[in-house]
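Each chain gets a letter, A, B, C and D, in the order it is written, and its residues are counted from 1.
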Amino acid sequence: MAFSREEQLICVIARMLEGQRNISVGTNSPIPAAAALLMERLTDGWARPLLLGSSRHYPANDGGVEFHDRAAQGRVDVFFLGGGQIDGEGNINLVGIGAYPKMKVRLPGSFGSAFLYLTVPRVILFREEHSARVLVPKVDFISAAGWSPPGVFRRGGPYALITSMAVFFYDKDRHRFRLDYVHAGNSVDDVRANTGFDFDLASPVRETPPPEPDRLALIRGEIAAELAHLYPKFAAEKLGYTAAAANV
Amino acid sequence: MPATAPMMSVEELAARIPDGAHLALSKDDSGTAIALIHAMIRGGVKNLHVVYVPVGGLMADLLIGAGCIATIECSGVSFGELGLAPRFRDAVQSGAIRIKDATCPAIYAAVQAGERGIPFTPIRGILGSDVLSYRDDWKVVDNPFAAGGGDPIVLVPAINPDITFFHARWGDRYGNVWVGKRRELATLAHAARETLVTVEDLYDGNLMTDETLVAGTISSLYISGVAHVPHGAKPLNLDGCYDIDRKHIRDYIREAQTVEGFAAYLDRTVFGNKVAA
Amino acid sequence: MPATAPMMSVEELAARIPDGAHLALSKDDSGTAIALIHAMIRGGVKNLHVVYVPVGGLMADLLIGAGCIATIECSGVSFGELGLAPRFRDAVQSGAIRIKDATCPAIYAAVQAGERGIPFTPIRGILGSDVLSYRDDWKVVDNPFAAGGGDPIVLVPAINPDITFFHARWGDRYGNVWVGKRRELATLAHAARETLVTVEDLYDGNLMTDETLVAGTISSLYISGVAHVPHGAKPLNLDGCYDIDRKHIRDYIREAQTVEGFAAYLDRTVFGNKVAA
Amino acid sequence: MAFSREEQLICVIARMLEGQRNISVGTNSPIPAAAALLMERLTDGWARPLLLGSSRHYPANDGGVEFHDRAAQGRVDVFFLGGGQIDGEGNINLVGIGAYPKMKVRLPGSFGSAFLYLTVPRVILFREEHSARVLVPKVDFISAAGWSPPGVFRRGGPYALITSMAVFFYDKDRHRFRLDYVHAGNSVDDVRANTGFDFDLASPVRETPPPEPDRLALIRGEIAAELAHLYPKFAAEKLGYTAAAANV
């Protein structure tokens, strides 16, 4: 069955959510949100997506305060972060490119990353663009640190890095990424050529499995419909959801 | 019996915000006081220090573009899925405004500390982040309760703004306002010295004595001015009343890419009409 | 769509509270889970460490008199205008229970710190009080943000109880419960590892999606067990449903002056009937 | 016009509330509550009573948390405290008599006093019993300290001490009480004989003025009716309120 890049990525993320219960997704993250909704559906509601910015999928009523408190309490199992830059130690930069503060390119800001990266056990880094511009040797600004010295309170941190080209897992002891999967159509050399940081290789590096057909069907049906409440544009343009609201 | 509170106009509310005021404002969620922002821009307020709790959007981009803000403190400014905030981006890149970068829960924690009247609060995480490196008003100490010593933890000072404001679903004649589940607005009102509110509708009764509404009500004890402004959050949303006008925001982002385009937007939307369409 | 949550009996809720559990319970205000307290006494739970947030009343006096409590932490135990708490008084005077005296806002602050996942919180006041002298788990440090140094301030450690419980006005089939303006119950639920709830009535709908009720609702995310127990707060009050039975409390205070009188009260009220009259 | 002791005390307190806006009263305090309600009535709602435990006179909706936060914010102008013991430096004891913790007489506890005595500018001490048993040289347990050394954050503290026999004002610099008024029927010597601590004398010590007739009428009418919602027993027995609820 043919599938799009977005559908592939939703399924890659969903596999990392197996056995995870409290799955939180930040704003402006339709692909992780779709994966979380998929897991809720597949587990008959045992997995609980908490989509920031959604009124339907936000089983909390105290806004961002409650979400961050939940993370601090250890009640958030998984979160997603991206980055204008991500480096080989797992540091992420959401603030900008160049010298702080009058940066050459200013990005929106760090949001909750500096906090959530240390308080949430499993943080999945998700950034579709796979380029040496994004995956750099050292970020220009550390919005959130990939690792901490001993003695620093830290529940978790980076678990994996997913791009449009590959899947890396993070080695917490060595503070390094390991390339485990390359999506169909790409090679290890392609990944190396487009990655600015040094990384390890799994043995063997495998090709990313395609979406499971039953999951793909769900994504295109129920999940797209559910997602359209929060991401109408994405649901319409990327998942072909046709009954989208007028106000897109 | 509680005394009744007089209603003001949105221009009167705007006039209560002096140049150089220290504001703390909630994020662009349900109930952003856009009509009041427009009135502030028309009034030409300057040199504001604005904390966005914890992030900014249209409200921030408009005030920045109109030259009202000297310093902004926030964890981010953007329009989410709809795009980046062009006036914010340009102002930071050019150095036109000073930015104090933060992280969401640190701002929430600082406002909660303000509400509780304590001078600072600890917060987990953040260590290792450059957000911390550049904040010389934040401190790191060893947790005094750690059994074996060590355990560094960040302390942030309380935020007690001069003024906060927002748009609420209902206001009653006693000056109480109903914000529903937007609890952070109550926290802000408690932490701030003054709270100004525009309300969508008038509520015929006492919100503080309604068994179900009281939980989402902010007492008039905290409120220093209320204006009745239907559609006061447009083109943003007000839950239960109207949705965000996505087309308006997309058009804004496109137009505000340039100083000229932004000026044209203001002329048309802020100066052309008393209330935003 | 949220999954539905199974209902339990009040005896099943009581069975989830093991000997030696660390509880934090709200004050005897609207929605005290007296029926659950009765079930705990029938079950014979022992050696509880109970924090009253911030004061105790009937709930405390019953558990103390029945021998369920080893340590109590609170800012006071009494029946207000109705009288003193006889079993509390005797137990402290005889040394039968250990008491950690506190002051109301320190307990609130400690539970809020528990909710926020921070290890401690500063709090103003208290300096010079013997409440502080006898609390070796509280600390005094110089405020690190004070301009000229000095400015001593009290730090209290966070409270994260094993369990909290209360009686709520409504519960829905998804496990959400509505507590209205009793915000401190939400704070307790957030700080506690488990939250058990008895509910007065079942709500036919989803409390989390009702625009007005959501502000006073605690999400099922925090709730580990719900029992439907009409009149579950009697002889105390539940706002909007029933008032406190002042005669019952006055009679209780009189009868519980002696161990024998208290035993007779328990026999009649707790052991004689499954649910308190 | 004849008046009761309670009516006298309500009026004494009310005079100390002139010009005060945010007047808070703890639980189990019918006399201060009546004085606060009287001031609300006399100022047409400018003075705002906040009666803890009342659902009608508690313009706040976050329980005790909000009240203590308000005090910490500096938004409570006046509060009332009592004490099983009160000493000459203004220290109060709400915990018990004897050696802590296994005290000879255990009282309910300190409640918010340790905090409110330092955060509220004007704290009025109110204790009807005027005896050497209550007014002691040194309290057995300091629930809340009457004064603080320099450098300690303190907005206020004891303002006056009102008993069934007299009115003392507190000298913050000398940490001592000064006898200003003696209620009709008592003498300075009576006060001295029944006070365990040393105190200063105003010159002259005056007799407490009787209740103002217009205020007395209000107390017996509107105020008693309003108070009956929270203190039905007191309103019925002390102010002669006859339409009290059945459940007294």
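Definition applied: a residue touches a chain if its C-beta (ideal position, glycine included) is under 8 Å from a C-beta of that chain, and two chains touch if they have at least 3 such contacts.
What you see is a predicted model, and the numbers here were worked out from it, not measured in a lab.
**Q** Quick check: more C-beta contact pairs in A-B or B-D?
**A** Counting C-beta pairs in contact, A-B comes out ahead.
**Q** Would you kindly tell me how far, in whole Å, the mean C-alpha position of chain D lies from that of chain A?
**A** Here chain A and chain D have centroids separated by 59 Å.
**Q** Could you please state the distance in Å, as a whole number, between where the Cα atoms of chain A are centred and where those of chain B are centred?
**A** So the centroids are 28 Å from each other.
**Q** Roughly how many whole angstrom separate the Cα centroids of chain B and chain D?
**A** Each chain's C-alpha centroid was found; their separation is 40 Å.
**Q** I'd like the Å distance between the centres of chain B and chain C, where a centre is the mean of that chain's Cα atoms.
**A** A distance of 35 Å separates the two centres.
**Q** Could you say which residues in chain A touch two or more other chains, in rising order?
**A** 61-62, 66, 69, 71-72, 119
**Q** Listing for chain B: what residues touch at least two other chains?
**A** 112, 116-118, 123-124, 151, 153, 181, 183, 214-215, 239 - these are the residues of chain B that touch more than one other chain.
**Q** Which of line, ring, star, complete or other matches the graph of chains that touch?
**A** Basically it's none of the tidy shapes, so other.
**Q** Pairwise, which chains touch?
**A** Applying the touch criterion to every chain pair yields A-B, A-C, B-C, B-D, C-D.
**Q** Write out the stretch or stretches of chain A touching chain B in their complex.
**A** Against chain B, chain A makes touches at 27-28, 30, 53, 55, 61-66, 68-69, 71-72, 94-96, 100-119, 141-145, 147-148, 151-153, 231, 233-234, 247-248.
**Q** Write out the stretch or stretches of chain B touching chain A in their complex.
**A** Where chain B meets chain A, its residues are 27, 29, 54-55, 74-78, 80-81, 84-85, 88-89, 92-95, 98-99, 101-106, 108, 112, 123-134, 150-153, 181-184, 187, 239, 243-247.
**Q** Which part of chain A faces chain C closely enough to touch in the complex?
**A** Touch list, chain A to chain C: 22, 44-46, 48, 56, 59-62, 66, 69-75, 119.
**Q** Which of the residues in chain B end up touching chain C in this complex?
**A** My answer: residues 109, 112, 116-124, 139, 141, 143-146, 151, 153, 155, 157, 179-181, 183, 211-216, 239-240.
**Q** Please output the residues of chain C touching chain A within their complex, sorted ascending.
**A** Touch residues, chain C against chain A: 1-3, 115-118, 186, 190-191, 208-209, 214-215, 217, 219-221.
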